[in-house]
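Next come the structures, one after another.
Here chain A shows up in two complexes: once beside chain B, once beside chain C.
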Partner chain A sequence: MDMKWNRNTILTLVALVVFAGFLYYAQNHFNYYVLRIMNLCAIFTIFAVTFNLIFGYTGQFSLGHAGFAAVGAYAAALLTMSVAQKEANFFLKPILPFLANIEWHFLPSLFMAGIMAAIVALIVGGPALRLRGDYLAMATLGFGEIIRVVFVNTQRLTNGSLGLKGIPEYTTLYWSWGAALLTIFVLKRLVNSSYGRALRAVRDDEVAAEALGVRLFYHKILAFVVSSFFVGVAGGLLANLISTIDPKVFLFTLSYQIVGIAVMGGMGSLTGSTIAACLYTVFLEVLRPIESPFNIGSLRVPGVPGMRMVLFSALLLFVILFYRKGIFGGKEFTWDGLFSVVKRLGNRLRKKPPAPVAAGDEEVER
Partner chain B sequence: MSLLNLERVVKRFGGLTAVNEFSTTLEEGELCALIGPNGSGKTTIFNLITGIYEPTEGDIAFDGKAITGQRPDTIAGLGIARTFQNIRLFHGLDVLENVLVGHHLRLKAGPLAATLGLPAYVKEETEMREKGMELLESLHLGELAHEVATSLPYGQQRKLEIARALATNPKLLLLDEPAAGMNQTESRELMDFILHILDTFDLTVFLIEHQMRVVMGICPRIIVIDHGETIAEGAPQEIQNNPRVIEAYLGVGDYA
Partner chain C sequence: MTLPLFFQHLANGVSLGSLYALIAIGYTMVYGILRLINFAHGDIVMIAAYFAFYGVGIFMLPWWVSFPIAIFLTAVFGIFIERMAYRPLREVPRIQLFTSAVAVSFLLENLGIVIFGGRPEAFQRPAFMDQTLTIGGAKVVTYTFVIIGVALILFAALLYVVKYTRVGVAMRALSKDIETTGLMGVNTDRIISLAFAIGSGLAAVGGILQAIKFPQINPLMGVMPGLKAFVAAVLGGIGNITGAMIGGFLLGIAEILIVAFFPTLAGYRDAFSFGILILLLLFRPTGIMGEVEPEKV
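Entry: the complex of A and B
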């Protein structure tokens, strides 16, 4: 038992070191475009695993991710932008005085982005989590839209629909993947604890959980607030990656995409969410050509913007109809699991090295 | 000292009176059965005691404290545990984890301590697991600890649900039709099992049963209700010969 634990810990550490080395190499050698995609992978990983905590583990169907990401993005953007940039941005109406002359470092800004999102989650979750199922989905969807509309109209805080430009591009692979690994680590620890068992109990049967003394509301809020904290951080990373944000970045379609990713990855599987988030982000880029005109034989297909989303929807439908459990179906990556798979495949197939992402994070605490 | 006291409890759903002025007292260490035909309000009474429903009128006191209108988790914390008529196990958790959920309400460490794995939490978690395994082993469920709860055979699921309720360390255990769906031998075994836990866990048991003969042998006191009202109460022999009970179960013979 002890031997095994040691082996797995060593493997995890090795995987983490390899992954860190890979990130270092990538950050210094890969081009801007590839780096952008890799950063987005990390950000969408955070979105997907946090959604999984709320829905996959706690059973609360929330569509509020876009709203919390918006809160985090604006918080981080306003805190990191230089004083001069703020002046340049807010030319229609002046920025609120308390924000005008501050310029924070990236780390405290990200932390603040998470805190702001968590506070909003606490305020929204109070009434919303008293609702169940579809009603909760409606309420949180509404919240996301309300946040967006509020951001359009609070010009002195957010510069309205003009958005914010010239946000410093602080987000690097170290920041984005560091945050993603930290998120996965924290979530994994939480769901494996007694609180995690209580969350899953609430998901499986609220009446029984409550009869056993599990405080339903407290546990739902707990999942909601913890998730939203990391969603806020991810929003901050996004703002400091793309350097320009406006309320339209955080349309409700973002929440749908996150749901789609989490479903494809498998509900209740952080590994699945991570892999699905990366696949989704990469495929979205790979499929970019289908939005421009192309030929199938002699047939000329005109370029249709948004064609990728059609494919994405079709893929989601396919998963729901034929592969309902998603890629990982509630299971997690473990070294033991990997070894047994490798053993089973035996000599017939090439030995497949573990994906550094999944390898690094899922096993950290075991 | 009486452990549970229901005082003229009424529950109405719109125009329907499910429970009408139900009063009873349970003494510590007692084993009491609540029987009655289908739809007579037995489960509603359990739901009132455990806080799933709030009584329309009347008072419920447990261990000297008024619990009327309290939330189910608060009531569970005070020491009332229950099982359900249709088994409600957590299907995403294994057998041991199901039991551990029952321990969760006594956890002192907060979510942050649990996530960080602080020593205080680790100690509690280890103790929890030890106690959980002990409980499972004492009920002969030990070797099933890591099975998916809902993959167990029916009878074992019933037992596990009782084990899970016992994990909350209750003073009063409410069993809602524990023998439902069992044949005579199985329900006989189950009743022995209930007598066994009554002895070992220093409990008071209040159980609902649909079939009279199941409880006749083991329960010293039986309460019979029909249409939400108590129609008889007493020792099995008295109940058996009570004309109102016979009427409730078999109907009135004379249609003239």
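Entry: the complex of A and C
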């Protein structure tokens, strides 16, 4: 047992080092466009795994990701922007005095973005989480829309519908993937702890869980607030990646996309969410041409704007109806799992009966 | 505020409340039977408005032909959605059903953007609904009366159906216990389809009346009314049809009057009903007419 643990830990460390080396290479050699997509992959990974914690593990349904991301994005943007940039942005009405003359470093700004989102989550989720899972969805969807209304109206805080421009582009692959890995690590530790078992108990049967002494409300709000913290951080990363934000960036359709990614990846699988988030971001870029006119031979095909989202939502509905497990179906990537798959494939090649699959307890995420 | 002005706002609020109530009934009927928040209900509103719009705009039908056809098609569409997306999932955990509803909503909105176009369209009001009347100093446009009148007639009809007809009895039985009702010889699938048809049909009426009141339609027009109608359904006590009507009227009137009395809050108008939802969930999640329902083990 000890030996195996060591092997897996070493493999994880090796994988992390290889991945870090890859990020280093990418950051220095890849072009701007590819880098942006890779950053977006990380940000969507955070969105998807945090949604998975709320829905896949706890059985509550949140459509507030767009709203919490907006809170985080505005918090990080306002904290990181230079004093001069703020003055240039707020030309209609002056910015609130306590924000005017501060310029924080990126790390504390991101942290603050997460804290703000978590506080808002506490206020919104508190009442909704006392009821069944789908009430949270309606309350958070409403909240997401309201936060936009509020951001449009509080001009001295957010510059209204004009948005914020010239946010410093601090987000690099180290920041984005560092945050993504940290999120996955924290969530992994959480779901493998006694808290995680309580969360799954809440998901599977609230009445039974409560009868066994699981504090329903406490655990629901825990999952919700922890998730929202990381969503806020991801929002901050997004703001400092795209450098221009306005309330329209955070439409509720963003929340739908996150639901779709997490469901397709497999509920209750952080690996699935990560892979689905990366696939989604990449495919969205690969499919971009179908929304502009293109030629097949001599035939001119008009592009259909919005077609990618139709395909995505149709695929989502298909997955829900016919393949509810998603890509990973609640399983996680583990080194043991990988080795047993390799072994089985090898056996199959040599026409031997498959060896029984060993269920790995030490699940390792990358 | 002068009295005529107050009545003007009140009429406005009642007509807005009629819209919310019409849409809220669909939520409450489906919730009563399947315990599902039909997330795609708001998008049904949008679909109906577009059907009516194309009936007049493309097929050159007069409005009194186009509107009923649109309502009928939307009701059929509601049945279709239930068949395709909800019925296969009846045996799985309820939250999965809700996920499916979210996916349907997402698909309808995206299809709307691709098929109907993302740009808002101007909806033509029938001429007689577009006249401004002055009654005792209060200026009221005729569509206000049409909206309120249509809503009240439909509510009376619905209450009659639910209370005194055989399908109505079956519907109420279903909301108590689907399985037992099925064993009693009721074709449960058909009653559920019917509930979806009625809910979607009323939402269609709501959608068309909404397009008459705010004559601009776009593929996301159903989201906000849908959300507010849901708040109305919770306010009235979800699962209770009379409650949904009362909740709808209360919410519409409150929304208009608050903006009328505190014009500085006008920008936050959409935030208001959400605040009501949060307060409701905190203090009285069963709403005005709702009963406390013990969670079944």
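The criterion applied here is as follows: the second predicted complex is superposed on the first by the 339 of 366 C-alpha atoms of A that agree within 3 Å, B and C clash if a C-alpha of one lies under 4 Å from a C-alpha of the other, contacts with A are read in each partner's own complex, and residues count from 1 in each chain.
The rule we apply is simple: a contact is a pair of C-beta atoms (placed from the backbone, for glycine too) under 8 Å apart; a residue touches a chain by one contact, two chains touch by 3 or more.
All values reported here derive from a predicted model rather than from experimental measurement.
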Partner chain in contact with A:Ala48 - chain B first, chain C second, else both or neither: neither
Which superposed partner A:Val259 touches (first chain B, second chain C, both, neither): second
Partner chain(s) touched by A:Val207 [first = chain B, second = chain C, both, neither]: both
First, second, both or neither for A:Pro305, with chain B first and chain C second: second
Partner chain(s) touched by A:Val186 [first = chain B, second = chain C, both, neither]: first
Dominant contact partner of chain A by residue count, chain C or chain B: C
First (chain B), second (chain C), both or neither touched by A:Ala69: neither
Chain B versus chain C as contact partner of A:Leu173, first or second or both or neither: neither
Which superposed partner A:Leu216 touches (first chain B, second chain C, both, neither): first
Touched partner set for A:Tyr195, first chain B, second chain C, both or neither: first
Contact residues common to both interfaces of chain A (with chain B and with chain C): 207-208
Chain B - residues contacting chain A, complex: 50, 52, 71-73, 76-77, 81-82, 84, 88-93, 97, 100-105, 107, 111, 114-117, 121, 124-125, 128, 164-165, 167-168
In the complex, chain A residues that touch chain C: 55, 59, 61, 63, 124, 126-128, 130-131, 133-135, 137-139, 141-143, 145-146, 149-150, 152-153, 206-208, 252-253, 256, 259-260, 263, 304-307, 309-310, 312-314, 316-317, 320-321, 324
Chain B partner contacts - residues on chain A that touch it in the complex: 186, 189-190, 193-195, 197-198, 200-201, 203-205, 207-216, 222, 226, 268, 330, 365
Chain C - residues contacting chain A, complex: 36-37, 39, 84-85, 88-89, 92-96, 98-100, 102-107, 109-111, 113-114, 118, 223-224, 227, 230-231, 267-268, 270-271, 273-274, 277-279, 281-282, 285, 295, 297
